[in-house]
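Encoded as structure tokens, the structure appears first; notes follow it.
Labels for the chains are A, B, C, D and E, by order of writing; each one numbers its residues from 1.
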Amino acid sequence: MMSEKKLNFLILIFLFLVPLFSILLNDIYITTLFSKIVILAIAGIGLNLILGYGGMVSFGHAAFFGLGGYITGILAFHFNNYEPIQILVFEFEGTNQLLFVWIFSLIFSSLLALFIGYFSLRTTGVYFIMITLAFAQMLYYFSISWPTYGGEDGLSLSLRNQIPFLNTMDPITFFYICYVWLIIAIIFVKFILNSPLGISLKASKENDDRVRSVGINPKKVKLISFIISGAITGLAGSLYADLNRFVSPTILSWQMSGEIMILVILGGMFRLYGPILGAFFYIILEQFLGGITENWQFWLGLIILLEVLYAKAGIMSFLIKDKYDEKTSS
Amino acid sequence: MEFQLLIEQFLNGLQFGTMLFLMSAGLTLVFGVMGLINLAHGSFYMIGAFGAALFAEITGSFFIGLISSFIVAMFAGVITEILVIRKLYKKDHLDQVLATFALILIFSEGIRWLFGAYPLYLNIPAELNASVSLPLEIIYSKYRLLIIAIGILIAFFLYILTSKTLLGIRIKAGQNDRGMISVLGVNIKTLYTIVFALGAALAGLSGALIGAIQSVEVGMGEPVLILAFVVIIIGGIGSIKGAFVGALLVGVTDTLGRFLLPELFKLFFDNADANLIGSSIASMSIYILMAIVLIFKPSGLFGERSA
Amino acid sequence: MNTLLKIDRLSAWYGDTRVLNEVEIEIKEGEIVALLGRNGMGKTTTLHSVCGIIEKVSGKIFFKNNLISNLPSFEISKLGIGLVPEGRRIFSNLTVEENLIVASRKGYWDLNKIKKIFPRLSERLTQMSNSLSGGEQQMLSIARTLMTNPKMLIFDEATEGLSPNIRNEIWTIISEIKKKEVSIILVDKYLNKIKQIADKLYILDRGENAWNGKPSLLTDQIVKKYLSV
Amino acid sequence: MMKKPVLKIDKLSKSFGAIKANDNLNLNLFKNEIHALIGPNGSGKSTLVKQISGFLKQDSGQIYLEEIDISNYSAEHRSRMGIARSFQISSVINSFKVIDNLRLSLMGRDGGYLNLFSNIYRNKDYSDEAFDLLRIVDLTNKANDLVSTLSHGDKRKLEISLALSMNPKLLLFDEPMAGLDKTSSQLMIDLFKKLKVKAPILLIEHDMESVFALADRISVLDYGSLIASGNEKEIKSNAKVQEVYLGDEN
Amino acid sequence: HKKIKVGMITTLSGGGSGLGIDVRDGFLLAVKGDKHFEVIVKDDQRKPDIAVQIADKMIQSDKVDVLTGIIWSNLAMAVVPAAVKQGKFYLSPNAGPSKLAGKGCHKNYFNVAWQNDNLHEAAGGYGNAAGYKNSFILAPNYPAGKDALTGYKRFFKGKIEKELYTKLGQKDYAAEIAQIRSSKADSIFFFLPGGMGISFMKQLSQSGINLPVIGPAFSFDQGILKAVGDAALGVKNTSQWSKDLDNKANKKFVQDFQKEYGRLPSLYASQGYDTGKLLISALNVADVKDQDKFRSALKNANFESTRGSFKFDTNQHPIQDIYVREVIKEGKILTNKIISTGLKNRSNAYVKDCPLK
């Protein structure tokens, strides 16, 4: 048992040292595996902003994750093909420069979030869950049946996208790129949570009427948070595409949305670092159980079930001692 | 395009709709009325189908299979409710999501463990494996007519159960304020077990009924789950009428979309492209329908606007 | 007269904070007992403990000589305890009529009698209960509990938000109920009225018994010390 | 020469199906005034408050705040303009600490809620102001408690302090005394008397003792229309009011 | 000989796991008792991203020499290009996407099963032989589905009455069947793998439509036939393998498989088995670390295939006979019987695009 601050710090230190363990154990795959954990954690942090703090249960975050991934894939595809991208009358060159790729992913996933959020926020509760799912499913089916970028077969990037002076194909370099993004996401979300927008978001999770009667427009607050959330998750998707050097419709599927959501809940909502632990736990368990039995999903289910039934609020609450109710204010 | 075919496709849509209703019937109870987000609903659908396949094989009788599907799924429902679900009512909706997701893993892998990875055999009995002629020279499968009949029957039964009986009112009250309804002297715990088990049993029955014309395999429940949620949301949570109308709407949209959209696009594109684009949009059609309904009626077609 | 309800050294906690400390209360059949105290002194907690909805309690509660402190709340209710809760807690997803019949049990009170004493409700039977005005919701909450025909009624600030004339109506009803040998526990802020109709008063202070006795014995000093400025 | 009203309500109507909750209502509120609105349950008082504050859209009629027609403004806009309200059923952020509820409202008042990068919990001005406000309602000792653990009465007090935090031009109190004990009621009465100098109050209350102790003017609603308006004596002696509302109390 | 480390990525859990399990079992049967082999098997859950990550692990951490096992084209597309680029051999026991056969072919990529189009082409060929004049053809709306219909059309000389794309994962075909009924088609070709095909066949037989049906083996293979039931009786399907193929290797395989696992082998099991045997044959000639030598040993394909004659074309896809089978009943068990050869020594349509010589 320790304080949340200390645990958070330990998590970051531990992650930082992962490549070292990897080298010591002479197993570079550990680093790759943790890149995945870090990326999913970023996606989860994005989702948690609106899910945990804003009470907006999006069952469609795969849309952003997938869009980020596809943007990355498509830019690289056109770069390798030397065929420009045509949107109406405009033509764009593809690129393999990560800085551009990231900017595009952020912009497009924000735009998508603006669109989806604008319509979805007319509804609340379970209807919100389902309308976000609906939008994601549309994209999913679209991506499957649209042949240009591989349809269900997906799209392979032959190499990871580049960043000047760095070798992104090196697992350790790539891991640290993800790690830096994780830190940025954490700092950014932490700022938001303590900001006027953040407090408005947390308040409108509980009581729109009160929020309006102090002069705040809860719709705007939610929409902006939704956009930020979508953008963060979109960026994670972009990293994911580069990690695998591959994108396919599976990352737009409802199972993907569910997975992001599950690792957020598993780690502990209302906690900034919850998704990191959630992702860690989920992926490591999957690896570990998958190694010992063919029926690993059965055991994974059982462990998750026990966790939900007997941990108050995710794995985080196992490890720290301060009360979980006190989380909404800092 | 002949008029005859259009009518038949419309009927097919209605038929698919009743089938969807049958799939979502149990979910309407558990999710719509009790307010429990139960992702594992599809698992009961699967359990029912496997139960039916097993007992139909042992006894050689499809009907015994059907009855077993109901009983087996109900039994699974009771156990699940007592061991797991009961502990979730008080918790956050999201804990329900997580726990029932875990149940999916457990049930799916459990079934695969027991029955292996290949689909099982469950087919309709010879006496139902025939077609009847309807007016307008439409030929229709007997078994599908049976499904329609059962769907309507269950719809009617659920409608009576939830809106005309005390039981229905009590479940809704329990969803609103569990503590209060029990302070007023209602044993909500047992009531919920019964209702959950009934929901599971209905899921199991429909799994068997539909499994007989589709396929009985691990994972058969998940697509159904999503479809069933779509149906209930379009109709409006808590409304059986809504679920029924929603199911028909989805059925017709999907069927006619698959049929008409490629034709429509042939007006603008050449054959192959029209086929592709048309069927792409057709596969999105029910989600487009759902989004449109929710944009204009944020709590579904027949949903109550309660905070 | 027989003892109907006996609360014996009741303590209660929310999490780790103890809010009741060895509270003792006794009510005889057909008696009206009022529970007084400032905000936050533990009145509601006491009443909720009786109804079996506080998770962590110690001590014993007897109703009609049955030990009820370890029974689930629905069984306590079936033994004949009816609570009109603080803050109404009507079932907002049900109509007015559904709220009334959801837990009704046979006895003196039925839909017709309710319609008679609450004409406003009878005009609104099919309306969704969450669209009722505050006072109407309060009437509904009272009526809903009456419909369970309890042997002992608990009114936790049941006149809150009611207009003066309806409030008077409630006082009249209470007196009438008493005639039918139904006991009543009252929490209310209209002290004058309480002094008129209650047989016995209990004052709680910081979760402990501070004073009890007949209304006539309630001196200004006591009022000043425990109930007002 | 007529004084200009702070709030003017002009022929306001609102129906729910067949129920006419407000029927062609005219009402105004002047500086330095507590205007009490009473009437039987369901006569349309809360409905009126909801329309003034913008939570409910009127069917017809106009609402003016200091001669500006605000009938079509959003609720949050009206709040920022200085219409502060309390809710009939306490409406506060239960998952927040007491003080954070105030931080929220102070920030809302000042606008800029879309700001992402200033730390609101470290804003000293807000903390100081919040404590001042809590002092007014005698709640400083609970400043760091979670609202969900407050008793009913304390929540009411918090709600009043939230209304005050908005620099109100106008206060709408919907049964603020409900559920308060004698001590706290008295505290409110004293407080409201002081407050009306800053902003006039439209007070809805069923506790006649408090109404008569506070109101400069009383209006009575029945079935959505005004049936009487006047001072304490006039109201008490009005036979219609006696019949539909007061009963034989007093 | 030195040891060889094989990484098998295949689908072992969730929907479609039957195929992966058969490939694995077939492969393990082939290398059973061979001490040179170390085989690591991992479940890809039918998710391409998981497959990629397993491949990374096998390459980076387990340092395997050869990868194999993938069932689905989309997973293969995700894994194969990167794996062969990193100097690993990939032997496909099932998926054969056209991209990897044409421009995207690679010296380290071998397909031991077929090119995706093959079985469909044979179906088209059979259609001609059987005298179909007008076919109604349908497949799910995804790349493999489009390839399937293209493959059929490539060889079928009659008219195409209608070409339908259904939703991937769709289970109710009432609407499609209605269109078939109202059409003037004299035959049906369909490619609907897994549960989709089971549903379609059941519903088609219930509809009373009596048109001849032809499809690739996927919907009529051993594992699945039981679930389709009598609805499948008499249906023609195309396959490069069948249980009753009369050669020594096959007889041994069928016998051993039944003995080892207590069930009849499937098409997929035979493919897994052949993959194993191919590896053994190469290992007999060369050390896997000596890549060039090992590669040419693989290319020679000097092993006894369960399907009789087996050769690689220049793009390292099989040249083989594709048979037409009919679903029959052996006692109470449904199975297939070869009735004719659909295509003889068929290679594939993409050879010319592949730069390999």
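In the analysis below, contacts are C-beta pairs under 8 Å (C-beta built on N, C-alpha and C of every residue); 3 or more make two chains touch, one makes a residue touch a chain.
Keep in mind that this is a model prediction, so the values were computed, not measured.
Hopping across touching chains, the smallest step count from chain D to chain E is 2.
Common neighbours of chain B and chain D (chains touching each): A, C.
Comparing the chain pairs B-E and A-E, the larger number of C-beta pairs in contact belongs to B-E. Between the Cα centres of chain C and chain E there is a gap of 74 Å.
Work out the mean CA point of chain A and of chain C, and you get 51 Å between them.
Distance from the chain B centre to the chain C centre is 44 Å, each centre being the mean of its Cα atoms. Chain C and chain D have CA centres that are 29 Å apart. Counting partner chains per residue, chain D has no residue touching two or more of them.
Multi-chain contact residues of chain C (touching two or more other chains) are absent.
The set of chain E residues touching two or more other chains comprises 13-14, 141, 146, 165, 167-168. Checking each pair of chains for touch leaves A-B, A-D, A-E, B-C, B-E, C-D. Within the complex, the chain A residues that touch chain E are 27-30, 32-33, 36, 141, 144-145, 147, 150-154, 156, 158, 171, 240, 244-246, 248, 250-251, 290, 294-297.
The part of chain C that touches chain D in the complex is made up of residues 14, 37-40, 44, 86-88, 120, 131-136, 138-139, 157, 160-169, 189, 191, 227-229.
Contact residues on chain A toward chain D in their complex (touch as defined above): 191-192, 194-200, 202-203, 205-207, 209-217, 220-221, 224, 325-326, 328-330. Interface residues of chain C, counted against chain B in their complex, comprise 51-53, 72-75, 77-78, 82-83, 85, 89, 91-94, 98-99, 101-103, 105, 128, 130, 144-145, 148. Taken in their complex, chain D has these residues touching chain C: 16, 38-43, 45-47, 88-89, 149-154, 175, 178-186, 206, 208, 244-249.
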